[in-house]
Amino acid sequence: MNPSLLAGLVGAALVGLGLYGLIAHPHPLRKLLAFNLVGSGVFLVFGVVARRGAAAGYAFDPVPQAMVITGIVVAFAASALAVALILRLAVAGGDVSLDPQASGRRDDGEAE
Amino acid sequence: MIAALLVATLAAPAIFLAACFVGKWRERALAWQFLAPAPGLAAGIFGLSHAPVAVDFPGLGLSLTLDPPGALLLAFAALLWMAVTAALWRDRAPGARFGISWLLTMFGGLGVFVAGDLVSFYLVYALVSLPAYGLFAFSEDPEKRRAGAIYLAFALLGEALLLLAFALLAAGEPHGSARIADVMAALPASPWRDAALALIVAGFGMKIGLIPFNGWMPLNYAAAPIPAAAVLSGAGVKAGVIGLIRFLPLGVPMEGWGEALAALGFLTAFYGVAIGLAQRTPKTILAYSSISQMGVIAAALGLGLARGDTGAAGDMAFYGANHLLVKSALFLTIGAVASAGRLSRRSLVLAAALALSLAGLPLTGGALAKLASKAQFASGMPALLATLASIASAMLMTHFLIHLTEMSGEAAEDARRETPAVLIRFWPALALGALLLPWFFADAPGEALSLGKIWDGFWPVAVGVAAALGWRRSGLAAPKIPAGDSIVLYERGFARMMALGPVFETADARLRQWPAAAASLLLIVLALLAAASI
Amino acid sequence: MIAQPATTPGGFLLVLAVLLPAAGTLFSFALGSRAAEKIALGLTPVGFFLACLVAMKVAAAGAPIAYAIGGLPPPLGIALRADGVSAVMMVTASIIVAAAAFYARAKFATPDGVEESRGALTFWIMIQAIWAALNLIFVGGDLFNLYVALELLTFAAVPLVCIDGRPETLAAALRYLLFALFGSVSYLLGVALLYGLYGTLDISLLAQRVGAAPMVWTAAALMTAGLLAKTALFPLHLWLPPAHANAPAAASAVLSGLVVKGSFFLALRLWFYVLPALPTAAPGAVLGALGALAVIFGSVLALRQARLKLLVAYSTVAQIGYLFFVFPLAAGAHVWSPLGWSGGVMQILAHAFAKAAMFLAAGLVAEALGHDRIAGFRGAARALPLTFLTLGLGGLSLMGLPPTGGFEAKWLMLRAAAASGQWIWSLPILGGGLLAGGYVYRILAPALADGEAAIQARPERSREAIALGLAVIALALAFAPQGFFDFLEIGRPFASGSAP
Amino acid sequence: MSVLPLLDIGLALLVVAVAAWTIAARNLFASVLGYVAYGLLLALVWVRLHAPDIALTEAAVGGGVTGVLLVTAGKRLDALKATRSGAGPGLRERIVAGALSALVAGALAFVVASLPTPAPSLAPQAAAAAAGPGAGLGNPITAVLISYRAFDTMLEKIVLLLAVLGIWSVGADDAWGSAPAPLRRARPDGAMVLLARILAPIGALIGVHIFWVGADAPGGAFQGGALLAAMWMVAMMARLLEAPRIGSRALRLALISGPAVFLTVGLAGNILAGSFFAFPPGFAKPLILFIEAFMVLSVAVALPMMVAGPPDGESKP
């Protein structure tokens, strides 16, 4: 099995694991971890595409690799924003559940 | 000239409407809005001799047309709107909410007769239907609010059916034209002909109260103040008549469709009378009379459709025009009688002539209307049914006259308060006008004066009156049927449907739980993949 | 497909349209909230002018205008392209952003005596960022560049949801963020696969290369599902009602009117510009069916809300559903495709203006009455005539009654449905209109009834006028001439004249 | 059979196992620690995929900065007793979730396994462009990021900025303008301080080096900036440095400097080189280094500010 195919399968497995976490974990921080797993799985697929595209003296296609770097930055920014929201919610409400019914908090409170 | 008048027919109410949006002009615009139908009146009268005309504005996608049936109905409707509007605003100054609703309804009520393309017809048809809610439903009275909600529900349902019908009509026109004349020419060959016809009959049938869509009308007229009931029953309902005239392919024989519509029409005609006889309030009885009369029109149009007779359009326009005048005059009669307290003998004769005109009483406009319908009800079963319908109408109108004289004090007080004083003062003139005006517009008025025709017109009326009086003397009580009859069933069904609301809410709450939504995301991926791979 | 030069005259306008609000966010961030407000407001007329210039260039050329960034054409470089729909969307976005910005001045002014305030800085920067992201989404020609634009849009939209800091808005924002993030990675995964298959992400190059292979469908399915999550198409709407109903009115107007259309626009790009040559009838039907469910569920739920803003938010769930009828109705090169296409775009525009107007008006109602419970609206129309006129006109468009853009959209879609023999789509289109009639009635009937509403604060006339202005535009769309629909065809694959 | 494939397979299994642990762990904190380890392992996978630039990024961001972010978050949630959240879905839902996830992952694995050969690639174009728009850059990834796809990179920096503002915006109104809470409340012990005193300057030097060589060798603005950011965070954790006030003009300017300079040079390109984001011939390399220098600054400041969180008002002047 060549390394790029192997990495591709790892990527697919990570995506699958992350998606399971997305559905099954009630805690938002766990969902955030799941998101990062899916994200890194997707980046691995990019990496496989890049590796397979080795040509013209390059060991890889630089374009998808550059996209992964951009993607990692964006994913980090997303994680940081989500963490800030989770912490703030924990401070404000003491409860960080995402499903309003589960926590008894209703989302149709008064406006303004 | 005629083109300018057609444009002005729509432009005049539009200008008054625009003026209402400027705060300081609003009051004056509403007070003077009785002038808005003037161009329509002129166009109608002018159009009687110059129709058919068509004006296209390709840049706007707008066409205006006027054919003889439209011209006749336009002239009469404009006249009615002018008279009632002027009287109403001379007598009192209704609020802005009522005034704007009135103006919008009038806009639509005039526009339906001249709109020449699908989109503008749909627009003016919506105007004549929906804003009328504001004429009667804003009230503390729960019964009026109920009537309003039901009215709106039927109006919106009718709009939806017609929108689909018009879409099918447009799709059947190979060159992309939206002119009514073009889409109707293409309809007989269209693959969607039957669906379109069914939707047209159902859509306009709602407006004219064909069964099973008749229930809103009695509630509406009972809830509306008398001037509003007069224009709605007179001019408003005719939007449905002109709709059927415009959108039934009358030139091409449509067997099956024609017979079905005729059967539905006759059924409605007798059903309206039967239920009407069980009612006790004059306004409600008049509403059932309208249902019955519209049934006759639908039956005649159906027979015309079956034979491919374009003449049915003109005949039924005349029939409808007569009904327009008489029915609105009858509503005003309720006010006049209520304020007079007791009917003088002369007034009673006048009121009776007016009422029985709907049954085709000789020497009234109704006799002419009946004559006009003869071409459709020439012989055989239709002729028999038409005669029976006359008898039934005479019974119902006698029933109306009886209850008119026996109005309860409260109902009389309401009627007196609702009717503008001017209209009460000039009621005899109005009633006479309604009886005589059709004579000036009939094709061959002399024919109606022949002895044979007079006898033909007289005996069904006499039989009907006698039957009604005999029934009253017998003391047999009519079964108690609530106003709006079948509407009660619909309301029950609607309530059952509303009970589904919480089911939707629960389902929505479940689906909005995170695990369900996230799983849906994956399901959508898989569904798209599966769909694409088939 | 006709080969197009990488850069056409006027193409630089596209870069400016993106960079102008982007630069605005940077300067605003450095200079503080007081300056941010001035910068954002000052940019609105310039951005509107730019969008109009783009539209004029496209109309004059009768073909899309394009720009290869850095002078480097695709596949290595990134191209921007504006066709008829792009230009129309840019103009729409600039109008609604401007309206929301001027409306928001009352709420998001930096108070005197404070150097800078949290809400003001956040609002004025995020609204510019949303604008930049939308403009890029409308003109982007590269699927990865569009991913960045999509993220820019999400990052700008989320803080607006929770700008007032109440716990329920924080929860709504978090839900929105997390779900949108999964949408993003799903989209990105599809992008990776497409690159792996064809070695380019340029839309027009891809359109020439794609074939109906299972891998392409996988990529398309992943990208589409991701975009649907961000568009909140039923049943992925979990985040929308609380987010849109709890955000400040000006933000809700932009979120509901524009932001959800951004991701929808990319779905259009994907199916109609990347995959137009493929047989898309079956996936199109899946999307249409989801749209139908959205129309029914969203409308019924809107009918049952007790609060105006939640009602309007659920109405967005329903109206988003209508957008998806474009997939079965406009696909392919049939005679009815232009009808379906025009209907879909008209629905985007009509809903954008009508819904923005209604959210702005709902905000005024809530400010004036101190609450937005529909049960407490008795007589409110007499006290706030302009605001309820706005709600009424917007409602007319949602119901699809003439003369409104909403009517025009339904009329075109119904004709496409009839002409294509797909009459099934006419049922949700009409049923949704009836249900919309029901919920609009629920707002207006009590408000127009007699009664004295207790007004706490009378809204400023100028803000009422802004909301009304948007509603009037939604109305005016009904009078769009044929030339407007011809303009929408510019650059559409299979549009008459450019059939392959 | 050489050892390398076995090592590859072992690494792959380990990565998947650690990932599975982060999902399966019952305890939130254990799951977070699992993720940090996962990030470091992933860097190795990137090395094996001939992606040293990504490996550097993953190690600095995925393992380092994200690790601090998540561990800090886990601790704070623990302190707030908010590590549990409702009951999860039941067994049946879990099975459905597992089946759906497996189906999607299976489809993905199938597609990845059937990617076409020869693979399409832009490497030849990139090689050809190295003489032109990417003039003088030995590292093709830097050329892609700063030249061919400059638009992406500039916008991504704005995304970072929006995230910073978004994080700040969840703070309280009356805390606005003040500094974020310290990364560690407790006074650190001497060993930590000593470590920081030694590590931070060395790390910072390496960071600058990575940026400087990034034009030609693996590395670049983001990796360098991320390392600098990590060192600043080390110093902050040792309480050698405190987080700045968010109202500080210098902080704001540092944050926008990267995208602002990029945008300005990009706009100037239209006049000087005939196209937005084009570089005038001969000046490409110095200009790119100029832009990158400011990007390093922005990244180095933005990442720690994102980890530090919203202003908390206690350190208000």
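Letters A, B, C and D mark the chains as written, and numbering starts fresh at 1 in each.
We adopt the following convention: a residue touches a chain if its C-beta (ideal position, glycine included) is under 8 Å from a C-beta of that chain, and two chains touch if they have at least 3 such contacts.
These figures come from a predicted structure and were not determined experimentally.
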Among all chain pairs, the one with the most C-beta contacts: A-D
Farthest chain relative to chain C (centres taken as mean CA coordinates): B
Chain with minimal offset from the mean of all protein Cα atoms: C
Intercentroid distance (Cα basis), chain D paired with chain B, Å: 71
Rounded Å distance, chain A centre to chain D centre (Cα mean): 13
Chain centre separation in whole Å, for chain C relative to chain A (CA means): 26
Centre-of-Cα separation between chain B and chain A, whole angstrom: 62
Residues of chain D touching at least two other chains: 89, 93, 97, 100-101, 104, 107-108, 112, 115, 119-122, 126, 148-149, 152, 156, 159, 162-163, 166, 170-171
In chain A, residues with contacts to at least two other chains: 15, 19, 22-24, 26, 28, 31-32, 45, 48-49, 52-53, 61, 63, 67, 70, 74, 77-78, 81, 85-86, 88, 96, 98-99, 102
Chain B: positions in contact with at least two other chains: 512-515, 518-519, 522, 525-526, 529
Chain contact topology (line, ring, star, complete or other): complete
Chain D-touching residues of chain B, taken from the complex the two chains share: 515, 518-519, 522-523, 525-526, 529
Interfacial residue positions of chain B with respect to chain C in the complex: 59-61, 97, 119, 122-123, 126, 130, 134, 137-140, 148-149, 152, 156-157, 159-161, 163-164, 166-168, 170-171, 192, 195, 500-501, 504-505, 507-508, 511-514, 516-518, 520-522, 524-529, 531-534
Complex contacts: residues of chain A adjacent to chain B: 19, 22-24, 26, 31, 98-99, 101-102
Chain A contact footprint on chain B (complex, rising order): 509, 512-515, 518-519, 522
Footprint of chain A on chain D - complex, ascending: 5, 8-9, 12, 15-16, 19-20, 22-23, 28, 31-32, 35, 38, 42, 45-46, 48-51, 53-54, 57-58, 61-62, 65-66, 69-70, 73-74, 76-77, 80-89, 93-94, 97-98, 100-102, 104-106, 108-109, 112-113, 115, 117, 119-124, 126-128, 140-141, 143-145, 148-149, 152-153, 156, 159-160, 162-163, 166-167, 170-171, 220, 222, 303, 306-307, 309-310
